[in-house]
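Right after this note come the structures.
You will see two complexes here that share chain A, one where it goes with chain B and one where it goes with chain C.
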Partner chain A sequence: MAKMKFLCDSERCIECNGCVTACKNANETEWGIQRRRVVTLDDGEPTETSISVACMHCTDAPCMAVCPTDCFYQTDDGIVLHDKDLCIGCGYCLFACPFGAPQFPTEGAFGERGKMDKCTFCAGGPEEDPIVEKEKYGANRIKEGKLPLCAEMCSTKALLAGDAQVVSDIFRERVVYRGHKDGAWSSLEGGAATPGQMSQEEMAARAEAFATDATFASNTKGDIIAKA
Partner chain B sequence: MNTYTTQTGSTLRGARSTGISPVQRLKMVAISLLALLCLTLSSTLWASTEASDAENRVKGNFAGAGYWREVSDGTEGYTTSKGREHGKLINVSGETWRDWRNRWVSPGGLYAIGGSLGLLTLVYLLIGPLKLDKPRTGKVVERWKRFDRTMHWFVAITFLILGFSGFLIMYGKHFVPDLFGYTFWKNLIAFCKLAHNYIGPIFSLGLIVMLISWMKHNFFNKVDLKWFLQGGGIIGNKHPSAGFLNGGEKGWYWLLFFGGLTVVGSGLVLDFPIFGQLRDTMQWANLIHGVSSLLLLAASFGHIYIGTIGSEGALEGMKTGYVDETWAKQHHDLWYEEVKDQAVDEKEVR
Partner chain C sequence: MKLTKKTATGAGKTDSKGLGLSRRTFLKNTGITTGGLAAAGFMGNGMIRKAEAKTEAISPNAPKEVKRTICSHCSVGCGVYAEVQNGVWTYQEPAFDHPFNRGAHCAKGASLREHGHGERRLKYPMKLVNGKWQKVSWETAIDEIGDKMQQIRAESGPDSVYWLGSAKHNNEQAYLFRKFAAHWGTNNVDHQARICHSTTVAGVANTWGYGAMTNSFNDMHNCKSVILIGSNPSEAHPVAMQHILLAKERNKAQIIVVDPRFTRTAAKANEYVRIRPGTDVAYVWGLLWHIFENGWEDKEFIRQRVYGMDEVRAEVAKWTPAEVENVTGVGEAQMRKVAKMLATNRPGSVVWCMGGTQHTTGNNNTRAYCILMLALGNMGVSGGGANIFRGHDNVQGATDLGVLSHTLPGYYGLSGGAWKHWAGVWGVDLEWLKGRFDPAQYRGKQPMNNAGIPVSRWVDGVLENKDKIDQKDNIRAMVYWGHAVNSQTRGVEMKKAMEKLDMMVIVDPYPTHAAVMHDRKDGVYLLPACTQFETYGSVTASNRSIQWRDQVIEPLFESKTDHEIMYRFAKKLGFADQLFKNIKVEGNIPVIEDITREFNSGMWTIGYTAQSPERLKAHQQNWHTFDFDTLKADGGPANGDFYGMPWPCWGTPEMKHPGTPLLYDTSKPVAEGGLNFRARFGVERDGVSLLAEDSYPVGADIKDGHPEFTDKLLKQLGWWDDLTAEEKKAAEGKNWKTDLSGGIQRVAIKHGCAPFGNAKARAVVWTFPDKVPLHREPLYTPRRDLLSKYATWKDVESHYRLPTLYESIQKQDFSKEYPIILTSGRLVEYEGGGEETRSNPWLAELQQEMFAEINPYDANNLNVRDGADIWVEGAEGGRIKVKAMVTRRVDRGVVFIPFHFGGKFQGKDLTDKYPQGSAPYVVGEAANTATTYGYDSVTQMQETKVTLCKVTPA
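Take a look at the complex of A and B:
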């Protein structure tokens, strides 16, 4: 079974907020709720780096572990969804979530927060009627065989969405091929790696060196290039 | 941003024809293995050997160690999102809170409640309810004024509702949906949350009024010390002396005072998230609230036991305001001496 994950390549994200806009458009979230956000650290410095973040659909999801109503569930694809009918707006998921993903439409006295809202990986929610589903949870693109709109519309393909295995393969390849002789990764290799100077075998060998999982390591070297 | 970050497929395929010598190739493999080694080595090692040089080169075009340190420290960056704390990529304390709540507070509370109930059952089975040692005289003395009783029951009922709803918020998900189904659970938990959030402040007011008006009765004195030394009557077979309130009751008062005020304080922080409380504050408030309220709930069972089935004649005092002379003499002899001339016939007041 596929395990759906997001990955944002900090080397590519240019803080255009296209993903944020795409998400807002696909899901028509309530005023003030922004399921995806781009965070820029060291803004204006040479080290400025941006990352787009939303719910990361954790495998061992903290939100799920602390929710007093047990309204979360994980789909077979590893997408973490929740039932807004059951949610009581206690905010626990927000206290536990590593990424600040859960949001609430209001923040009133007596803990009146309304129903929690978060990224659904564009997989909608527990509602039979598609119209109601769309209204309550936003788009269900997964049902249509599509990936989340944020990732699909990312202009630099910094934001990747899909099966964890595929996403990490793509990213690993990027890490291996990326850079130049003064760049970070290639600096470790004595400055020999300028784009276009490496043979396929070398790239493959280096990719393998970065491989951390068995699936990847068992691939033939040619496969890596084929996936590029 | 560095311009070498994207590479097209054609460049890669073009690279195939370039070709390099086997020696170079071997060097490549060795170097990449070294790279892997460097990656897997601990960050301290990394810092001491390679870091200074590598980090300098890294600067300017790579999200290096410094960047990830900032991320994991919860450094606030810039974001267009107006959500609170959305400038932080990582909620640093979230996992700690989850751990404390789920691994310690939640099971700990069950042990406290279960232990308390178990102990009381044992006491009931082994020692049994405390009976009046002499027959009733039929004459009663006033113990609790109407105001006192109203306060007591107001606080007691709201406490029980809060205890019940709080218990379900903490533990309900583990058994209610399985036993009673989704719809029932959905309504119950929504009700619990509303009840907890709206009754909480009302309870707080009641508790504070009660604590203030009963404080004068509750300062410990020598009599209480003796009462405690005799274990409230368990050690030795003579019932220890006591004034209007005995040592145990005063103990419960001060538990309510400190425990109760902690519960109230932390509860109000949780109940009114309108003052810009951040996640950290809420996590602390939640843990403090959980620990203190669960302990209080466990202790309250003891109070309820002694006030009802545990001791004959005690409940009458809070129900009607009057207690039988026999009960007063047995449990609060010093106080009885003060008020015995005010004793009236039972029929006059009931």
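Take a look at the complex of A and C:
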């Protein structure tokens, strides 16, 4: 079984928001609900860095741990999903989530939060009827052997999705090409090592260590590969 | 079939009165954790319900048709798989096999499918009666408009109706539009290219022959350095960044961004250089000063392939490091560093966009960039080149097909010979055509052979005293056919002009800002046109590749395709028989392929002749066979062709020329896509040869420079008998541009020679106001101290039919009252005037508020807080009320505003003035309400990048 992961390569993310509208395109979430967003740090400063964020489908997901109605479940692929019929809109999951992934539509006169909505890794949700599933949870691309549309459409291939092993292979290759000493989450200038400061082997080793950290790679191989 | 996928629940006016969090302020102020919640909360119920839509359920199992189309939002030309079920566009899948984008999209491309919803489209023809919109039938609308046009024509001549075309038309529609204007009898026809890259086309074509991007996005993988000046692909051409970042990553290319603003592209650069807006020539000369000083120029390349570099040297010598710093603000150390980066990382490419072109001195800027590349020997090589990123999806095509007031299709110009050529192609009687024009002379020029009023100046065509215009009368009717008026400067005067017109006709999928910005009570018609997803045809990407689009869905609501609307107008106006002589019309719809074939048969100048519909469709069906780096098909039905047959694709389709992927690349035979600089400016000047020396494409029989091919040259060379008997008949008395058989081109290429000759590029253009590009201060400059050295030109009495002011504006000192430089630019979510993209809820949600970026230093001095309302007032008094965004992205003394907003005017919300249900989701002040006068001295490009303003808290 694959272990599904996202990884956003901040060296490539240009904050074009393609992932955000690709998500809208796939899932048709309503105005105000953005399952995926691009966060920019140091906006307008020389250290400006952007990264695309959605539910990271944590291995030990805090939202699952705190949910009072136990509406969350994890698929065999490691995708964290939830049952909107069980959700009471309490918002605990939002407090627990390190990424701010859970979203709440405001509906009705008393300002209750409504059913929680979040990235499903384009894996739909617990409904048999595909029309109802689409309406309630959005696309189920995983069922069709496709990956989340946000990553598939990323303008610069910054956002990667797929089996953790494949994602980390792609990322590791980039890090080796770049020769950066820190890889993934480094800013452009700060992390750059001039060629010659570090041996190829050292760079590769560090890159590998880092990529493994960043993606929580599992040893299992999946049948769905990253198309990046 | 009507699209019923979504129906907005409230068809009334929009209420985008949410908080209007831009993604930037939003992230800055709230932090990601509470962001979603906050946004939803502040938006209020109305907002959510409006955008919420009812979905008519279509089973995922319904049969799917997969269409191949091309994104219509910029000129990168990204491929798209559109999946259609029961006539509804239900899915959009990434085209991983497309050679340009490999499935990738920016925000606009990734939301393309929303075009299939089109909730806020103009649904049916409408006219304004007593200040209210009234639904009318197509027949009534065409009849009434046509009658009024004929009346204006009878009273004021054909030049009083202005045909404003579009870069959003496909090639066939663009070509038909230009031909339509010719048949109406006017050169008052133009489109967005005038205000986007006209200075590029003029500057670049006059340097080496063709005014287009020389290499391709894909070829940029081979760059060792890329210098982007006035270009921000992260927002304007995001998928281009995929290629640029690949060069950076795999090729260790040095990325240099030169821009007054620290852009999102700058955030990815190795070196960011901040210059004062409008000092591009000074900056480039400053780089060349170091290059010449250190002998870093490519001397052999210059000897073989460049004319006039010594005159440039003399000018560059004046640009000492101290002077460069004084004018541009960039110090010696960084100048030298960048010059060295370019010199030691070859081949390198220069990229420029509107930041370079939209200036009174735009033609000087574009030539300076070219000269920089020539000095470095970066032209005609893979990984080098002037990679000019065009804007709209088909602005390259519409430019090539001559939707311009100064030329017929194919850059043939407006001379008697040009008209003769095209009348021949069209099969119409030249005398009949002449009879359609105003025969009188104005300042010694006949309207048929005199460039028309450019789109940048239609306002003056309406308002200027008619004795000062080189035509019979003022413009009395405007036809805005796919144009955003808010992308043009001087909004306040534009409003006056609109109110003076007899009639406004807006043909567009959306009502546009033009429908609401004036206070007219009648005489305005709105005609709903289709998008490119409701028709099919060809589109030219920035790299000159021509791509074929399938039709995805049927026309929505009562909209019609542009070519059908043209046919209906031609029928009403009485010239349909002439206009469609070679083009079959089925019902009211002209056959697209017939139009392609017609322009194929006449576009010899730039090699738009061999891209037949059949070849284009074969390329479209075989995206996967083209290489991601070279664009060449290795095997498959298009074996050996370059994707989209980038022009020039010489000769007839039967000749099977593969297209030219890199212009002026002598390392390949011409028959395989090689080329050299064009012999366009004669063979010698002042006794010095203009032809190339010892440089020629591989395999050429003439191993030196040579003039362009004519029947006479073929005879001199003894190649005449290589022509067939039939070709000889057609070629007699003709040249490579006018021989309709293609024989002259075929024989030249058979001998390995470029049909257009083999010359040097010229670093000096003796027909332009500044022979060597000079730095001249903007008309509205804060640096009064520099005027003694770098003043602008004298006023011109008549240019493109109109008086054009320079000195008389610059002489006045506005810098006391308006001390801050105002510049404008792009946001990734929106395109152009933004009507289409602001009507797309997936995009509109991301940018809900018009804003102005201002440096903290200025903000604090002016008592402006981040997120507060401010007035930005331009130096001519136009005012816009916008949100302040305090950021160091801009320098002290510079304010930046994005230009995609509309639907507000000088503080007033115009939402109520849109026809019911068609207001965009987001409205905002149009940047150009505050911009000012200023036009390029060669092309009449508008100045949008430097003017002056003042900022006050609102």
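Following the convention adopted for this analysis, the second predicted complex is superposed on the first by the 173 of 228 C-alpha atoms of A that agree within 3 Å, B and C clash if a C-alpha of one lies under 4 Å from a C-alpha of the other, contacts with A are read in each partner's own complex, and residues count from 1 in each chain.
Following the convention adopted for this analysis, a residue touches a chain if its C-beta (ideal position, glycine included) is under 8 Å from a C-beta of that chain, and two chains touch if they have at least 3 such contacts.
Just so you know, these numbers come straight off a predicted model, no measurement behind them.
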{"item": "Of chain B and chain C, the chain that contacts the larger number of chain A residues", "value": "B"}
{"item": "Which superposed partner A:90 touches (first chain B, second chain C, both, neither)", "value": "first"}
{"item": "First, second, both or neither for A:103, with chain B first and chain C second", "value": "both"}
{"item": "Touched partner set for A:37, first chain B, second chain C, both or neither", "value": "both"}
{"item": "First (chain B), second (chain C), both or neither touched by A:46", "value": "both"}
{"item": "Which of chain B and chain C A:155 touches, first, second, both or neither", "value": "second"}
{"item": "Which superposed partner A:59 touches (first chain B, second chain C, both, neither)", "value": "neither"}
{"item": "Touching partner for A:19 - first (chain B), second (chain C), both, neither", "value": "second"}
{"item": "Doubly contacted residues of chain A, that is, touched by chain B and again by chain C", "value": "11-12, 14, 17, 20, 32-34, 37-40, 43, 46, 49, 53, 91, 94, 97, 99-100, 103, 107, 111, 113, 156, 174, 177-178, 188, 195"}
{"item": "In the complex with chain A, residue positions of chain B that touch it", "value": "1-2, 4-7, 9, 11-16, 18-20, 24-25, 27-29, 31-36, 38-39, 50, 54, 57-64, 66-67, 70-71, 75, 77-83, 85-91, 94-95, 97-98, 101-102, 169-170, 172-173, 177, 182, 185-186, 189-190, 192-193, 197-198, 201, 270-274, 279, 282-283, 286"}
{"item": "Chain B contact footprint on chain A (complex, rising order)", "value": "10-12, 14, 17, 20, 32-34, 37-43, 46-47, 49, 51, 53, 62, 65-70, 85-86, 88-92, 94-100, 103, 107-113, 156, 174, 177-180, 182-185, 187-190, 192, 195-203, 205-206, 208-210, 225, 228"}
{"item": "Chain C to chain A touching residues, read off their complex", "value": "23-24, 27-28, 31-37, 39-41, 43, 45, 47-48, 50-53, 55, 57, 59-61, 92-94, 96, 101-114, 234-235, 238-239, 241-242, 245, 249-250, 252, 262, 264-265, 267-268, 272, 828-829, 841-843, 845-846, 853, 887-889"}
{"item": "Complex contact set, residues of chain A against chain C", "value": "11-12, 14-22, 24-25, 28, 30-34, 37-40, 43-46, 48-50, 53, 91, 94, 97, 99-100, 102-107, 111, 113, 130-131, 134-135, 146, 149, 152-157, 174, 177-178, 188, 195, 227"}
